[in-house]
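Presented below are the structures under discussion, each in the form of structure tokens.
Each of the next two complexes has chain A plus one more chain, namely chain B in the first and chain C in the second.
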Partner chain A sequence: MATAPKAKAVREDLLRVEGLTKIYDGAVKAVDNISLTVTTGEIFALLGGSGCGKSTLLRMLAGFETPTQGKIYLAGEDITHLPPYKRPINMMFQSYALFPHLSVWENIAFGLKRDGMPKNDINDRVESLLGLVQLTKLAKRKPHQLSGGQQQRVALARSLAKRPQLLLLDEPLGALDKKLRESTQLELVNIIEEVGVTCVLVTHDQEEAMTMASRIAVMSEGSFMQVGSPDEVYEMPNSRHVADFIGNVNIFDGVVEVDEPDHVTVRCEECVHYVGHGISGNTGMSVSVALRPEKILLSKNKPQGEFNKGKPQGEFNWCEGEVIEIVYFGAHTTYHLKLASGLVIKAQELNSTRDLSCGLTWGDRAYAHWSDLAMVVLTQ
Partner chain B sequence: MNKIFSKSWMIAVYVFLYMPIITLVVFSFNDSQLVTVWSHASIRWYHVLVHDRELISAVALSLRIAFLSALLSVFFGTFTAFALNRYKRFRGRTLLSSMASTPLVMPDVIVGLSLLLMLVSMQQWWGFPERGLLTILLGHALLGTAYATVVVTSRLREMDGKLDEAAMDLGCQPFQVFKLVTLPLLAPALVSAFLLTFTLSFDDVVLSSFLSGPGYSTLPMVVFSRARLGLNPTINAVATVTITVVSIAVIVSSFYQSRAERKRKLEVAQAYSDSNQ
Partner chain C sequence: MTKILSYLRDLRHGRTVVIGVPYLWFALLIAVPVLIVLKISLSEMETTSISSMISWADGWPTLKLNFSSYLFISGDTLYVQTYLSSIEYALITTIICLAIGYPFAYFMARSPKHLQPMLLMLIMLPFWTSFLLRIYAWKTLLVSNGAINNVLLALGIIHEPLAMMNNSFSLLVGMVYSYLPFMILPLYANLSKLDLRYLEAAADLGTSPFKAFWLITVPLSKAGIIAGSMLVFIPAVGEYVIPELLGGPNTLMIGRVLWDEFFSNNDWPMASSVAVVMILLILLPMALFNKYQSEQAEGKA
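Right after this comes the complex of A and B.
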């Protein structure tokens, strides 16, 4: 799902934010002491639920909000107090904010005219942008004569017109329907990479962030919970919150029983987890074990695994439960398994043949097992 | 049964509303000196009207005042609406917003009287301003500003604030934002505010009566004073002319509006069928 970040010969910091804080009305802390750097050519996503402060952070970068504290540097220059019309930054707005009284062509040319660019150059630039977003034929239309997807492309072309050093995207696909969104995500990334502009992107949709971004910051209540590549935040979440927010996850609470450099075991009410790597913790500590549904295998038969002198053999990480729900998605099926402790876990099975491969149905007893490298031990 | 009742009710209402106007128009073509007795059709009173100096100059004065006061009202109304819409919190905002709309609900007599008292004392102290065109204009602009503020505010409220930000983001200084984005989008509201305040001023009789001086009679004032002396069919003629002009303006503007709306709907539908292919 994740696109690998493009390797660039020279990578330098384009945007640097230091201790940025925004307090509204002296009370609401919308952004709380955030620091980050974005390197040239990167697509950086701010991901979080509604009201976590993503838009506020983006608006401070654009210059629409004045930070209560902190500094913003662009290419080494302090732009914290520069007004929006003087920043070499452009933004694509959430609902596009196209000028309704101007045609597509005039919308795209708007910023160039303000810069006093010669007419011929404006023509060339607008024509090439129209080509880039495949709207050449619709240049004379007004925004209300365009469909949602077309408006989105006009907005993109307009924000790219001035060749900004940094492009800000606020929920760029939020107004499109699901089917269109998926095809547009990749199209958008292709255009951005073709132009080679550095991006900061705001979204509440984790799939969108994973598909488009080279790095993701997971936000909650105005702070960053974790910053990393899409596979890092998915496979190695650093907290329950991140694990929960990105994708589905089963959480087991337990205590560390054995703590060795190459493995640990965590005793939970439901089972004992044998984890095939060390953790930064110690024996007796309370931890959570996060396990993604797609990493669980289901079977009708009891797994034949055991710990032999502390060494695991066969399928040793397992638990037993009753199938209480089956949700068919086409490509895969999700089974909800109720364990003896009352915990309900989800297991996602690939439908690799046309008959549902594990042959389980409602009310069946089933065994779930997973590998020693399937889970993440969360200490917070 | 119910249907018949509601239909006849509707007809009754329309007759009630339009009968006087129709009578007025019909009797403007009456040859008789008496307003209520029909003799035979003629355009006699229109001849009289054309040669009636007092009426003609009253129409000219009314038009001048209406035009100027509409301009002033739209100008001040726009700025008030902006202040109220843009700055959500400043000292005295509630006071300003309620003061801006007070003239809408205050009886005209009270507004006229208080303006008159103010002008009288100003004249005592400074000998200025003489009552006449300027003072009528002032009164009408005051009332008109309140109406224009309401019209422009409602348009501003539904305008997307993000457009201002988008313009700034693309390099507009605040003044350019106003000139290139806000003003063009506001234009329809400004036009309708202008028309509203124009007609408001054109048919005002209360404020004008309080504020005018000798030699400055607006059309409604002349009509009113003549009506008290005994009706004269010239008034019918002048009213018919006014009604005709106003109706033509209303019909033309609504025709254009509905055509633009239909065209717009058609284009939107077109855009969607294009993108689905």
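Right after this comes the complex of A and C.
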């Protein structure tokens, strides 16, 4: 899933946040006791819905908000109370905030001029940045004469101009349309890699976080729910909330029936799950089983029990239901299956041939089945 | 089909009526009076009436244009000086209004959202009293035995009354006081729309708040500065009431000259010429303003 290389070898911590808390109006906890470290060269994503506190956290890193409690260290130095214009941190703003009265060139040179850099050096730096983001020809344009994608590249060049130790990206692709976003994601990561700057990025778009970041923190109500690499967060969510937030998921509620070191079974109303690995729980415990739609196979006939590990045929990892909805996406099709219990599960089938081979239609009875390593048992 | 066509026709008629109303207004109350003034300025004063521009000689109409008033204005240093000093007073008024109005509008735009309507109300409040009354009120404040002098004398700060009345000081006080709201309102409208993220971006790029004000806030409020300055400068040039009531013998302003020509000298062609020249003087900055605005609009398209 991730295209960004994972943080290489052992690198020093660049950013360290300790117990950061922001309370608004004496009551609303926007950010609640967050600690994190970001190592040099890493792209760290804060992922969450609106109002989860990710933007407040980013704004505290930039210096636009003063933390109620906690400390922020950059390269070992306490910057908690440093004003934004004294921090070696630059930010790419949501919808860019390019200065409308200045040209592309002047926008990029803005921060360098404030530093009193010699004119020739400014020229060289701006020219090389324009080359990097491929906007050399548009240097004299004003921001409103550029397309969304071009504005985004100017904003990136402007935030990189001062060679910040830490680059903050606030919804970097939020203002672009879907098609452009996909190509820009990779371009953005490539430029960041080329410059070698450490990034903290804020997004509500899980795809953006997955493709760009080497590590993701899933946020909710001011706290981190889970921190991990994109595949960890997707394949091994640690809670229902994370499983639900990242991608689509079917959740079965059940009770642990067999708890062995190498396998467990979970009895649910709909079916019995045979999980091919041990869990940190015990028999009789109430758990949730999360199962991603793309890991479910559909068939018209009763499955042959290939995942049943020598158990009585057909006991584990399948259920029967009625097809109530078919959503065609082109590359895949999502079937909504209504089970006897009333639970509706989603199954995603790859359209690997052009004659939609599954052959299921509305109202059909269908069997869903899945492997013993397809699901995650969630204890919270 | 015919129904649709007749509907469209109706729509067109409706549009003509709607657009026609303001045009009629402009024609009757602006174009016609200006043309009349222009006509009078090119006529000659006969003892009790104004000469007719078209005379009938030998059965042919002859157009008689009399430019003597314009020639007189351009030749007489008093008129030239009066125009110059009118523009000077108007300019000084504009600059003082800007200097007071900008911070005023800035803090209004930055004050808590729920306070802003009240602050706007306070700006508008003086308009509830007659303009003339307010100017008279300044008179009682500024005269040598007026409130300000009395207080200062009583406190022993000064030993003889300050000459604050009937000179350029009282004139400028009156002008600035009267025109300040016209500077504040467009500036406030502009500054309250300023996207604060630009200032954050500037801070992020290493700009102190003071520098960011000059590099970001001021350039981005240029349209408001120009609009406010025009609203103050243009009426200030032709102001009559304030120089008449608060001005003195040395504060020459073209409005008073106009009044004298009309009512003391009864020389209507001369008065009209003075007015036409004044309109031209005002049109020039207006034209510049419009040109700037259309350039702005073009840039945004």
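Criterion: the second predicted complex is superposed on the first by the 363 of 380 C-alpha atoms of A that agree within 3 Å, B and C clash if a C-alpha of one lies under 4 Å from a C-alpha of the other, contacts with A are read in each partner's own complex, and residues count from 1 in each chain.
In this text, a residue touches a chain if its C-beta (ideal position, glycine included) is under 8 Å from a C-beta of that chain, and two chains touch if they have at least 3 such contacts.
All figures in this text were calculated on a predicted structure; none of them were measured in a lab.
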Consider chain A as the common anchor and indicate whether chain B and chain C clash or fit when overlaid. clash
Of the two partner chains, chain B (first) and chain C (second), which one does A:Ser286 touch, if any: first, second, both, or neither? neither
Answer with first, second, both or neither: which of chain B and chain C does A:Phe93 touch in the superposed model? both
Can A:His101 be said to touch chain B (first), chain C (second), both, or neither? both
Could you tell me if A:Phe110 is touching chain B, chain C, both of them or neither one (first, second, both, neither)? both
Please work out whether A:Gln134 is in contact with chain B alone, chain C alone, both, or neither, and reply first, second, both or neither. neither
Partner chain(s) touched by A:Tyr85 [first = chain B, second = chain C, both, neither]: both
Check the residue A:Leu146 against both partner chains and state whether it touches chain B (first), chain C (second), both, or neither. first
Return the residues of chain A at which the contacts from chain B and from chain C coincide. 62-64, 83-85, 89-91, 93, 97-101, 110-111, 114-115, 142, 144-145, 158-159, 161-162
Which chain C residues qualify as touching chain A in the complex? 195, 197-198, 200-208, 211, 216, 219-220, 222, 299-300
Sort out for me which residues of chain B touch chain A in the complex. 160, 162-163, 165-173, 176, 180-181, 184-185, 264, 267-268, 270-272, 274-276
Would you mind writing out the residues of chain A in touch with chain B in their complex? 62-64, 83-85, 89-91, 93-95, 97-101, 110-111, 114-115, 141-142, 144-147, 149-150, 158-159, 161-162
List of chain A residues in touch with chain C within their complex: 62-64, 83-86, 89-91, 93, 97-101, 110-111, 114-115, 142, 144-145, 158-159, 161-162
